[in-house]
Amino acid sequence: MGNEELIVKLQELFPAASIIQGNDWPEISFESGADFLSTIDVLKSDQTLAFDYLFCETCVDWKTHFTMVYHLDSTRFRHNIVLKYKLDRETPEIDSLSFVYRTSEQHEREIFDLFGIIFKGHPNLKRILLTEDWVGYPLRKDYDDPINMIKL
Amino acid sequence: MFSFQNMTQEIHSWLSSLMSETFVMLVEMTIVGILAIALFAFLGLVLVYMERKVAAVIQLRKGPNRVGPFGIFQTSADTLKLVLKEGFMPDNVDKFLYKLAPFVVMITAMLILAPIPFAKGVQIWDINIGVFYLTAISSISVIGILMAGWASNNKYSLLGAMRSGAQIVSYELSAGMAVLSIVVLTGSLNLGDIIASQEDGWWIFKGHIPAWIAFIIYIIAVTAETNRAPFDMAEAESELTGGFHTEYAGMRFALFFLAEYINIFIVCAIGAILFFGGWMPFHIGSWTAFNHVMDFIPSFMWFFGKTFFLIFLIMWFRWTFPRLRVDQLLNLEWKYLLPISIFNLLLMTLVAIKGWHF
Amino acid sequence: MFEEIKTSNDGELVINVGPQHPATHGVLHLLITLNGETITKLEPNLGYIHRSIEKMCESLSYRQFIYSTSRMDYLSSHMNNHACAMIVEKGLQVEIPERAEVIRVLISELTRLASHQLWWGAMAMDLGALSPFFYSFREREVITDIMEETCGARLTMNYIVPGGLMADIHPNFVKRVKDFIIQFNSKIDEYDQLVTGNIIFQNRMKNVGYLSPEDAISYGTTGPVARGSGVSCDIRKLYPYSAYNKVKFEEILETGGDSFARYLVRIKEMKQSISIIEQLIDNIPEGDFQAKTKAVLKLPKGEFYQRVETARGELGVYLVSEGGTTPYRIKFRSPGFSNLSALNHMVKGHKIGDLVAIMGTLDLVIPDIDR
Amino acid sequence: MISFLKTYFTEVFQAIKSLLSGMKLTGYYFTHPKNIITEEYPDNRATLKMADRFRGEVIMTHDEKNEHACTGCSACELACPNGTIKIINKFEINAEGKKKKAIDAFVYHLELCTMCNLCIVACPTDAIKMSPNFEHSVYDRRLLTKQLNHEGSKIREGVE
């Protein structure tokens, strides 16, 4: 499916979401509070979409809020979308996708490690790259560590 | 012609003229012991050097080439380093067994030297059940390995030792069968008799196909018995980091290392005796002139030449093949080597009874 | 004093494989639970070589951050740089000269060959055969020499700048690459003779570490790992970038899903890489090797994503720009990180020896996982 | 039974054949030592020639009059991702009585350098370049901090 068709199709399925054409692929954004797992379920199980391959999962700190960014690919149709989910900065919580896409188990641990986002339903949510007793979440914009300097 | 027998007899009679019989025996035992240890150390140095050079050339490298001409003193320098190293012992090991294990492995290796005829008339102990003695003693070394693995209190060591136990116990069988098939041909367990029986040709040529099969099985089984790649389950450095000797350092490690090479020498020597006639020169049936020419090459050169050829073969295996997995290792023994060697033994018995061999 | 090795009540033994272990090729730490020699559970413990490259890049300019990505997957450093350069070019909308694109692809394929050769040797070494390592390094040495001559370094070349290349190819480049192709074609059969056909090796690899196509997709595996399970995922073919749409090559797919399939994919990929190089080496277009770019690069506000096929799989670079001279947020979706997550699934029920073989076929580079 | 034995022995023979083919290759290399590829590095120093583009360290080129081309613009310092280069400037009064910027010290931290070549690309006057020297080991890490401009050197005439 081409990008334009995808946008039309997504608009039908998710009237509440805002959908724009990004640099490469359509971007579909949800406000915090939307039912995330059912959205993913639709995207994955819909026969014309079939987004079965999560190839990138990450988070961006926008200082006022977090945005979870999921890049989805379909191994059957070879079309991609970018899925965004806005998160509250005080209590960043989102449903875990580790049972939908197994790869996200590790990606979510990494995001938890570096951003401090809580994934509800994750089987093994603990730090992955940093040590267990690390204080703070380094990729947040307000993180500052004078001892282990990263910036020049 | 030059003969070791005359030399030993002369020494014996000279000593007898000096002291009583008991003292003569004691002195002779001491001399033999010192010679055995010297041979041990020398073989260790030579074999390690040989291994490194063979590996190097196969792997397109030069190998040791800095210490002495062609690096021949490299292994001596390494030994010196190992001797000078701290005899480090980790906490929480079973101290007695930890210290004992290398010596068990080492002493086992030394004991097997006894009945081996190195040249015509050079044999420490001419025992009439030589082959039986060899097979019996060689299986003791597994106890040393198990001891080392258990005493180290390291999970890798334990796994390595257990693998080694399973492996040596299984491969003893087919090695024993292969040895037996030659014993069947000669009808004697005495190593001297076995060599003497090959005066008109080596068993590998006289014994038809069964001898070849026995030889192939023997060489595979002893490679496994000495824990050499591709059967180095007990060490398996990419799986178990070092296996049973992970926690050993310095001279204790060196003893394991040395024992490994001595074991290779011994199994190859036995192989040479059984299949290639030991020190017996290359003789062909009734070609008397040819046999006389061959006799001019000293007997110890024949023995060491054959042994080192077999050692090279085992080294060649090591630097060519990947390692087997532990269950495949046992599969190979129980599903392939053992049945084949049992049938081969039957075949060999038939050959011996019917006198089909040359 | 003597403390016995403790097992849990059901006889399970927990072993640390790594962070210093000969088979983990670096500082990967795996916590495996054994029942006898059979692995019942595996948990990777990462981060021993985490250098916070993503955070570091947030303070580096668009010219500077490219070099630091060489240190992720150091065996395909050129492809990493390529991905980063492409994302900057995408943001700036610079047209890259034809010559630069072709040379980038040429060097990429040489890097892929070098990487696969190192993998071949190292994997054979994991399985206990030590000699193949030296044979593969003999050919790899020629590639690194070519790299050294043209790019100035052997491993972390940093040959790419936004807009093209740092320098034109060395005058000897074409001739030496052709010599290399001749040498390589005469030696590739040795690989099969020594390892592929070997019965011990085949027994070690076949029916070990099975990964079904569904699992391969679900675990996000890419590169030869997924292609060994029959999942088409070659970015060079599916979403062609740079000069890859100008060359003919096959995407290697094996349906076995076991270690041997993954092994065959890489061996066959080497031949495909050689064919790509053969097609391009005589057809390097004349022209500039670099497009004109400003001294200080500023990307427009927005988000950019670039996928590149490295030797290990798909590298994704996700860049968020706020219009400044440095990235606001950059995320490297490294192939090793996702491939590793399938390891637990693959080794269950296998022996320790198989763990080593499976890890060998995953071709993990630890800095790539930890970043 | 017969078919079982047949497959059993074919398996055995094929296995042995595959093993022998591997041994043939290693045996070939054992008997052909001319294939040895070892380079004995410290011994071949006299003949060792590094690739001309090899990045070993940053040097500043000086001509026979002890003059260099560095204007002290610190473009390299800005281009460097690791803070390897530090330029200390001074002001000289030239013949016409004008104040002119010149370098006092071009400090180069070899221990921080990753040989990324970005400073060379950034240099507008080609004052610095990469040298193929790779033998950097010293006993004290302080010796790795180098001053690249020679003692008493000055900027070449006409370089702006």
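All chains are identified by letter, namely A, B, C and D, in their written order; residue positions are counted from 1 within each chain.
FYI, contacts are C-beta pairs under 8 Å (C-beta built on N, C-alpha and C of every residue); 3 or more make two chains touch, one makes a residue touch a chain.
Computed from a predicted model, the values in this text were never measured in an experiment.
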Farthest-lying chain, centroid of Cα atoms versus that of chain D: B
Chain closest to the assembly centre - both centres taken as Cα means: C
Between B-D and B-C, the pair with more C-beta contacts: B-C
Separation of chain B from chain C, taking each centre as the mean of its C-alpha atoms, in whole Å: 45
Between chain D and chain B, distance of the C-alpha-averaged centres to the nearest whole Å: 50
Distance from chain B to chain A - Cα centre to Cα centre, in angstrom: 64
Rounded Å distance, chain A centre to chain C centre (Cα mean): 25
Shared interface positions of chain C, touching two or more other chains: 131, 138, 194-195, 198, 200
Where chain A touches two or more other chains, by residue: 152
For chain B, residues contacting two or more additional chains: 58-61, 319-321
Touch list for chain C against partner chain B, complex: 1-5, 13, 15, 21-23, 37, 124-131, 133-135, 138, 194-195, 198, 200-201, 203-204, 351-356
In the complex with chain C, residue positions of chain B that touch it: 55, 58-61, 91-95, 153-156, 158-159, 163, 229-230, 232, 236-241, 319-328
Residues on chain D engaged by chain C in the complex (per definition of touch): 14-15, 18-19, 21-22, 24-26, 37, 50-55, 79-81, 114-118, 121-122, 130
Chain A residues within the chain C interface of the complex: 22-25, 27, 52-56, 58, 60-61, 69, 71, 75, 78, 82, 101-107, 110, 114, 127-131, 138-139, 150-152
Chain B residues touching chain D - in the complex, by the definition given at the top: 54, 57-62, 65, 316-317, 319-321, 336, 340
